[in-house]
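The block underneath contains the structure these notes are about, expressed in structure tokens.
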Amino acid sequence: MVDITDKINTLRIATAQAVVKVSNEKTIEAIHNNSVPKGDVFAMSKAAGLLGVKKTPDLLPDCHPLPIEYTGIEYNINGLEIQVRCTIKTIYKTGVEVEAMHGASVVALNMYDMLKPIDKGVEIHYIKLLEKKGGKSDFKDKYR
Amino acid sequence: MVDITDKINTLRIATAQAVVKVSNEKTIEAIHNNSVPKGDVFAMSKAAGLLGVKKTPDLLPDCHPLPIEYTGIEYNINGLEIQVRCTIKTIYKTGVEVEAMHGASVVALNMYDMLKPIDKGVEIHYIKLLEKKGGKSDFKDKYR
Amino acid sequence: MVDITDKINTLRIATAQAVVKVSNEKTIEAIHNNSVPKGDVFAMSKAAGLLGVKKTPDLLPDCHPLPIEYTGIEYNINGLEIQVRCTIKTIYKTGVEVEAMHGASVVALNMYDMLKPIDKGVEIHYIKLLEKKGGKSDFKDKYR
Amino acid sequence: MVDITDKINTLRIATAQAVVKVSNEKTIEAIHNNSVPKGDVFAMSKAAGLLGVKKTPDLLPDCHPLPIEYTGIEYNINGLEIQVRCTIKTIYKTGVEVEAMHGASVVALNMYDMLKPIDKGVEIHYIKLLEKKGGKSDFKDKYR
Amino acid sequence: MVDITDKINTLRIATAQAVVKVSNEKTIEAIHNNSVPKGDVFAMSKAAGLLGVKKTPDLLPDCHPLPIEYTGIEYNINGLEIQVRCTIKTIYKTGVEVEAMHGASVVALNMYDMLKPIDKGVEIHYIKLLEKKGGKSDFKDKYR
Amino acid sequence: MVDITDKINTLRIATAQAVVKVSNEKTIEAIHNNSVPKGDVFAMSKAAGLLGVKKTPDLLPDCHPLPIEYTGIEYNINGLEIQVRCTIKTIYKTGVEVEAMHGASVVALNMYDMLKPIDKGVEIHYIKLLEKKGGKSDFKDKYR
């Protein structure tokens, strides 16, 4: 684990995405109509993601535990693709990129789990960092 | 949560993949030479994945806790892409697809976390089910 | 921890309740209108409760880990009181009463947490077992 | 999750209660005489509560992880009612009310779990905040 | 992780020990008199151990999750040494040796943590399997 | 739990050890040759230890959650004994001794778990603090 005792606290923000691709327009409708048998897909997956972000250091050995001071989950639908965006903020010595990627990934996996009974062809694509601020270098995904 | 009290135990097997795409051939070399500063990427990510599989029901609200009777993690390198394959077996009333997808995703996220200091362009692609056996219907990804 | 190696598997069902009492009719309206700033109170608290049920043996030392085969969360509103009912099923050697009580309690605590910014007077009452079936003796709360 | 990056650290103290109501004077005696088969009810439930407090952000999606700098558990017996009081302190940007309520609730649930074999009528009542200091507004429960 | 899908359920019992060695007779007296400032050392460490046993598969990657059907914690004092014995039973396809060793180790670590303020010289010795029954071969530590 | 609200942040460092004693020279060779069936013993046990350190406050009731800012795991082989050393750093109000001891103990337990199929006589010895800096008093084990 990287030694961060000499670093200083700064505001760190990271946004990551995951793309959930369903195989049928009816799946999108079922989400909108809140008719998925397991319940409200967006609200429940947001809850799973908010909890998942906080468990990142429990899953990744080298990840420092840090104070999550904000997590936001957003959904954007484009045809058969649902883009999940997870934004995290902290004021700490190290960044929150991997926490944002983990949050996006848990939201996407929970959508997969809830949609599985009505759509066998759901896939998860493009888990990647979209943007980060603070730390040694800012970053903006070029294709964003 | 789906009521499974009336179901019977059968052998269930699921294999899921995640693809970790690095941005530079040198990253692949560093993994091979075991020269990544955070340590042995494949062995440590396998450890994270084996633990992550068992935490799936802690992260996904509707996921039934079940006896994980086998987890295997495999890596295949193809150019700049590393395919992670996670295979899970259980003898239980419900399948292990989402556990396999979660395992693949945790391995991939840990690779991202360990490689981040030497490669800023790592992305995670194509988390999907490759194959499942047992339960109501078998499944084989058509493009596999 | 009680030794259950000699017991046999039977279907066990338990239903527990918690009552969340808000201090103002406007709080009930905000839940109905989905205008609580932290999000959809019923869906997110259900997600928290489904996860919480599975964590019961992580919190209570003498509680046996067991296969949760069904969890259901229901809400009933009566004036300023919201009754949360959590029903759990398993086929195992020991019952799920305390799991049901823990589930009801986590749902109620999450409602408290989400409602706190708009209502400072929320209280949680009457966490108790309503009914259980299976095991040495059935039980039905007399005032139910 | 509320964004707290702009808030400042202050000392926060919260005390919450849960009331465990047993159905028989003999249950109280068994606790006093340390003759409950599962063990020392007050010491073991205190241990469960101390651990439970630290797991609050693992259970409640919107709850910020924060440095628990003190947790105290106290018991007061009044007839058939045992009042559990959980006091928490932190120096942080947000309060510890829900952590205190969760701590009181886990202690009460563990008492229920340990007492169940000798008393089928245990109930948990009145989980509520008694007092908080620090933050935007102090609070004192009027009936305390 | 070893594939156990072909194995059959049998009763498995394992007993492991840890030895906690304190540096001063007064420490033993403080435990006996229940005058250790952090509380009742034996009862609270038993609670920690009962919970710790259930977390073994969360900590050890290759360890199968399994139904813990009995955990017992015993203490024997011999001069400055306290022997902690942890016995576990399951009816499952694989043994509980490492769970018993983990349980003994968590009890010992918690004793260390509670005794640290009054004794700076506490050490933990001889975490080892004393006995196991069931599975391919029984085992009895020769020096027991 | 000790009240630390009045304490100030200082750099704290602690190193603890565990000694894993195998029963046969061939076990040491299998580790060196990376021919242990469960995988790379040192890398996977390091991953387990890095995660285990972060779970210390989940296992020990009185242990304060704190920001782990560095964890290092080292192995030294001497005949049939493998010394595991776990060093932890934090800048916080309380020390990391018990976290270091827990880390060393999890690494040792995982080695036991991975080696069990090839060596039935593995034992864990001498889990103790080697050195600590910061806080009220420094400490150096006299026999180190």
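To keep things simple, chains are lettered A, B, C, D, E and F as they appear, and every chain counts its residues starting from 1.
The rule is short, and it goes like this: a residue touches a chain if its C-beta (ideal position, glycine included) is under 8 Å from a C-beta of that chain, and two chains touch if they have at least 3 such contacts.
The shown structure was predicted, so the numbers you read here are calculated from the model rather than taken from an experiment.
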- Task: Spell out the chains that contact subunit D while also contacting subunit F.
- Result: A, E
- Message: Using C-alpha centres only, name the chain that sits farthest from subunit E.
- Response: A
- Note on the structure: Averaging C-alpha coordinates per chain, one finds the centres of subunit B and subunit E separated by a number of Å equal to 32
- Centre-to-centre distance between subunit D and subunit C (centres being mean Cα positions), rounded to whole Å: 17
- Note on the structure: dist(centroid_CA(subunit A), centroid_CA(subunit E)) in Å evaluates to 39
- Multi-partner residues of subunit C (at least 2 other chains): 1-2, 39, 44, 46-48, 51, 55, 58-59, 61-62, 65
- Message: Taking the touch definition from the header, please name the shape of the chain graph: line, ring, star, complete or other.
- Response: other
- Message: On the basis of the stated criterion, which chains touch which? Give every pair.
- Response: A-B, A-C, A-D, A-F, B-C, B-E, B-F, C-D, C-E, D-E, D-F, E-F
- Task: Provide the residue numbers of subunit E that touch subunit C in the complex, in ascending order.
- Result: 11, 46-48, 50-51, 54-55, 65, 67-72, 89-91
- Query: Once bound in the complex, which stretches of subunit A touch subunit B?
  - Reply: 1-2, 38-39, 44, 47-48, 51-52, 55, 58-63, 97-98, 101-102, 105-106, 108-110, 112-114, 116-117, 120, 123-128, 139
- Message: Under the stated contact criterion, what part of subunit E meets subunit D in this complex?
- Response: 39-40, 43-44, 46-48, 51
- Could you please specify the touching residues of subunit E with respect to subunit B in the complex? 1-5, 57-59, 61-62, 64-66, 93
